[in-house]
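Each in structure tokens, the structures are laid out below.
In the two complexes that follow, chain A is the common piece, with chain B as its partner first and chain C second.
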Partner chain A sequence: MVIKRLNHIIYSWGTALLISLMMVFTIQAKELVLVGSTAADFKPLSLFETRKIFLGYQVKRGDITLTAIRNINDEASYQIFLQKVVHLSARNYERRLMSKTFRTGTATVQASESLTTLKKQLYSNKYSVSVMWLKDVELNDKLKVIQVLWKEST
Partner chain B sequence: MITPLSFLSRLTTRMMIIVIVMHAVFLNVLYFGLGAVVEKGYQSQFVDYVRADAFNFAANISGHSNLVNHINVRAIEEAVLTGRTVYLKVLDTDRTTIEEIGDLTNNDRFIEDFVFGHGDDNIYHIVASIYDADGQNIGSIEVGYDETDTQLQIDLAYQRCLIFAAIYALIAFIFSSYFGQQMTRPIESLLKLTSKIAHGQYQTKVTVKTKVTEIDRLARSIEFMRAELVTQSDSMEHLALHDSLTGLPNRVLLEDRVNQTINCRSSSHAECVLVVLDLNHFKEINDSFGHVIGDSVLKKTASNLVSALRASDTIARLGGDEFAVLLPETPIDSAIPVIENLTAALSESFICEGHSVVLGASIGFASFPEHGTSYQELLQKADVAMYVAKRAGMTSQIYQPHFDQDALLRLTLMSELKIAIEEDQLFAAFQPKINLQEDRVSGVELLVRWMHPQRGIVPPDDFISAAERGGLISQLTQWVLRAGIKQAAAWHQDGRDIPVAINLSPKNLIEDGFQQSILSLLEEYSLPAHLLELEITESSVFADPLGAQEILESLHATGIKIAIDDFGTGYSSLVQLRKMPISIIKIDRGFVMNMATNDDDAAIVDATIYMAHMLGLKVIAEGLEDQQSLEILQQLNCDIAQGYFFARPMNISDFEQWWLSSSYT
Partner chain C sequence: MLRAISHQLRKVLGLSLLFSVSFMTHAEVELLIFPEIKANYQSANSFSTDNITPSVDIFSAGAIGPVNFLAEAYASENVQHIERLQIGFNMSDNSRVWFGRHHNPYGYWHTQFHHGTFLQTPISRPAIAELGSSSGIVPSHSTGVLIEGELEQGMSAWHYTASAGLTSSLVSAGGGHHGGAAERALHDFEISNPKPNEHKLGYALRLAYFPDALAETQFGGFINHQEIMLSLDTRIDEVDHLTDIIIHDDHHSADDDEHHTEVSEQDMTLNLNIVGLFASYHQGSLNLVGEAYYFSAAVPMDGQQHKSNFSAAYVHASYSLDEKWTPYIRLDTTLSNRNNEYLSLLDSFPTDAYTVGLRLDLKNNNAFKLEYSKRNISDIDSERWLLNWSAVW
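Entry: the complex of A and B
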């Protein structure tokens, strides 16, 4: 029981501490943003459309279907993304995606564990979008912020 | 005594340790693995609920620009009352509180939670934005959800995991103990049974109740081994306690039976009789018809004796043609009819190679407790009685205390002689032999003497016959040979070549390796063979002339001189002796001692000397005791004489003194 409690505390506090540290030690308030290639010229996605596209549903601009790529490189940003965009737990989100894939036969929402790889994927496809910290997008002329998804309250 | 080390090395303990270690690992993995899955599941379920609920609530109150100012308070209250919601707060874009309900936190600064369990308030804080119909942000709701129920569910899951693990461990422990016992109990039983077998207790059958095939097979193998051991043990016991030729009990079993009877001291079992019988004429049958026929005669005799006895009697073969019978619970009077039956059985004739042979026997018997109180005593006295019967030519004789003490002495000496040889109670006496032509010592005869610690000097005739009867003649002869050769070698090294004559028993000539043992002694002491003389009697030569001739010739060829002792008392003739490799004849003292007074004896001595010389043999006259006999011998041209007239047999120190003072040296 003690060990279980310890595990629980380590897990929950670990993530929380990560988020808290980011809040405390970052001078600039953190922002989680929806990003795409600079070359992307489609109309920005609403929050609802963002939710749809990350849940594996089609979001089109003209004849082009936009593509979402999950950023699982950073646990803290992923949890904020889950809460603010998908409104599901990580487990339920995975289950939903898998269920939808099995049910419809469509491709699941890709996931990227590497930020570098994710950026390359965004560069290569101007109709793809993903989620990352604003600081990762700034000073990068190949990516642009499509929408602010969450902003740390100061 | 069970030490900690032996306790740990026991199979049951080891099995239990293995089970405990395995379950300690397995149950930990099960507990934490399953617990983690359950915990994660509950947490995900909670997070799903709060996220869906918060954003659904926000979505439900979105859509109208004024709605945020006209919030449905009842709906908020309902949410707080019916759900897990602890508090709910509606704020506008300036974060001004428009409506709030529930147990509000006093935190100065609202911190949103993104994982279950963040913070120590057991509340999951979440923010959801509110939009108008145009999608413009018009405010937000902050909701707090109670984590306590979920946390209790998680704790309960862990508790149940722990209980199940404990129950599982307990059941596993009980089962493993039970099955461990089931396995080790028969092994323990087998261990006890094999231990019994190892200690000679073969009679308990090896059986164990087990359903384990390997143990069952092991038990069967051990039972098979035990059965084989019983068979072999019975066979060995039978061999150890029975005579292989006749199948009768042997001396060991007889002794055991006698002791059992004697030790059974109840009045009805008080008396018993031990009978010893020795077959007559068996030696003649053996010599005449050979050992094969002799053995079959013994078997037939044994069978006849058994038929003549009662069921309760025990008959044993003591060795050779000697048997003994135990008549238990039998007073001496009641033994007479049984002994008559034995006599009748032995008087029946046998057919040997077509010849009808009647053996007959000499029987002696002694009674317990009248004549003796131990097996040895009874056997000895029955043997004395048998010896008396044989000497007297009687069929049977009961032991009488006044019987010839010599017989008793003879039997006693037989048992003591072995100790005497081993403990060096014997000593050599030397009697000089004088060359009558040269008046000097031509050699000595070694005569063995026994200095008994209690009886003093034992006459040689008494113990030599005992040695022959008791099978000790070989050891005695070896002792004498070694003493004679050693002394002759000492003299030889001293510059005195004095031949030493040693008497042999007839039984020495039929011993295996006898000739080689003499040669080995000569080599050991570096004695020239011509300084050794061996004296044998006529009877020993002519009992087995061919065998004796072969051995004597080979000894003669090495240079050893052979003399015929006590010549004239047997039935041989000089013509027969001519074929033998003989160098010397010793005329028996009976003729020499009476020679001066008896003309017949003088004539025999004269003729013997004459004929011996004709055959190229030397003649020694024994028993010379007076001057007159010496003069006659000198006149008859006798070569050598020995007797008290010159010197009695002397121990070595006396002999050396005699040597120094004698005119014959």
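Entry: the complex of A and C
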């Protein structure tokens, strides 16, 4: 009798947990976020400043110049970044960066093809920022979300 | 022969040293390499391998502490040039001063595109933005000081540039610096082969307004004052009346010397003033560019300065159908150019032209372009086909 009741409880809780987990995974929308090291203590960037830094222009906090690193590891997040942040196609964005460097001699915006390398770059310089999926930052205690850039509509 | 080889060797060694220094320092260096192969066919001319020109443009820039540097070299089979060689400092977050050989800051096209033709949509440049040594009528480079900066106003910005330095001279070209076939051409001051006595000063001031500081749409204007020295054989009276100039020989007299000195000082400088307006509009896949320049030239002739004015303009339109295909069209025109003394010196300048072309972008920053132009040069119409492969690595 007790065992039967225990089985029933486990079954009920198990089912509830499974349903909850399913709901979490189906409802949680994708979010593209601007990230930096947890040591980063500068105030968030405006959308204009975010676009500015990823187009290779200088953005400062106090006397320090922030550095942007492009995350080209994930095609889907890069496409959203292009559409929502820099407002250019991949081809035009590349050409804009090259053209600016060729014209003015200023440094281009670095790109990282590996998420692991990108994270290491962010750990090593608290004034570096990049763009990632929220899920790639959430469980990482060395990175923090500076601001949300885009959220999937559910 | 040996002297020529030695000169070329010196250039190559100089360039190698320049780029080696860039890499050996601890500076973060940007390096861009622009290879290009261009084939051209002009009506009434035969086609041979001479019409195919491979070339490469190598660009390097970076900073070593507070010092910025920028170097660019261009090389084809017949021509090797240090295009830009600049050392500079940041005067503030938004302004810089550069010393060395830089682009003469005029107009839109010339400040946006130079070598590295991959970056520009068409193969050819608009007539008024053509490189000085290749049928162009405005000096391309200046060697001296350049100050540039940005003034941000909310989300819009002003860009300013001021330049002063040794400008071009006008020489018998025997083929332009970038493969042009001009008889006479503007010849920039060369760092690798400096001849300061053959160049005078030029000044330029350019101002551009960006409604969106981060976008490419811009409007602006500029002024240029150029004092262009003429070599003896390019003076217009020399061109028209070959006996007008006294040439030194073994039997010259003191009077000859005096007269020659007088000719050198008074009659060897052409004063060119240019005022221009430009606009570039980008909206989605559409790009419209227009520029209009007013030229005022004082050309030495028969012991006097003959003043003449003319205007020139172009409009360019391109539309990207997708990430690969971009058709484009351009119209060039010149007004009040009849019997203009300055243009008669640079008679390979196309006074009127229309150009259509198609660009195909491939993966990994490669592009093929095909272009047709009908041009009027010295009252003669000619057709030109260009085929080009360009890339950036």
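A few notes on this one:
Rule of thumb we're sticking to: the second predicted complex is superposed on the first by the 127 of 154 C-alpha atoms of A that agree within 3 Å, B and C clash if a C-alpha of one lies under 4 Å from a C-alpha of the other, contacts with A are read in each partner's own complex, and residues count from 1 in each chain.
In this section, a residue touches a chain if its C-beta (ideal position, glycine included) is under 8 Å from a C-beta of that chain, and two chains touch if they have at least 3 such contacts.
These figures come from a predicted structure and were not determined experimentally.
Of the two partner chains placed by the overlay, only chain B lies in contact with A:76; chain C stays clear of it. Look at A:101: by the touch rule set out above, it reaches chain C but stays clear of chain B.
Once chain A of one complex is fitted onto chain A of the other, the partner contacts of A:89 extend to both chain B and chain C. Contacts of A:153 after superposition on the shared chain: chain B is touched, whereas chain C is not.
Of the two partner chains placed by superposition, only chain C is touched by A:57; chain B is not.
Residues 89-91 of chain A lie in contact with chain B in one complex and with chain C in the other. The touching residues of chain C, counted against chain A in their complex, run 28, 30, 32, 59, 61-63, 68-70, 86, 88, 93-94, 111-112, 114, 116, 119, 148, 155, 213-214, 216, 323, 361, 365, 392.
Residues of chain B touching chain A in their complex: 32, 35-36, 39-41, 43-48, 51-52, 54-55, 110-119, 126, 135, 154-155, 158-159, 162.
Interface residues of chain A facing chain B in the complex, by the touch rule stated above, are 1, 3-4, 7-9, 11-13, 15-16, 19-20, 46-47, 76, 79-80, 82-83, 86-92, 153. Residue ranges on chain A touching chain C, taken from their complex, read 48, 51-52, 55, 57-58, 60, 89-91, 94-96, 98-99, 101-108.
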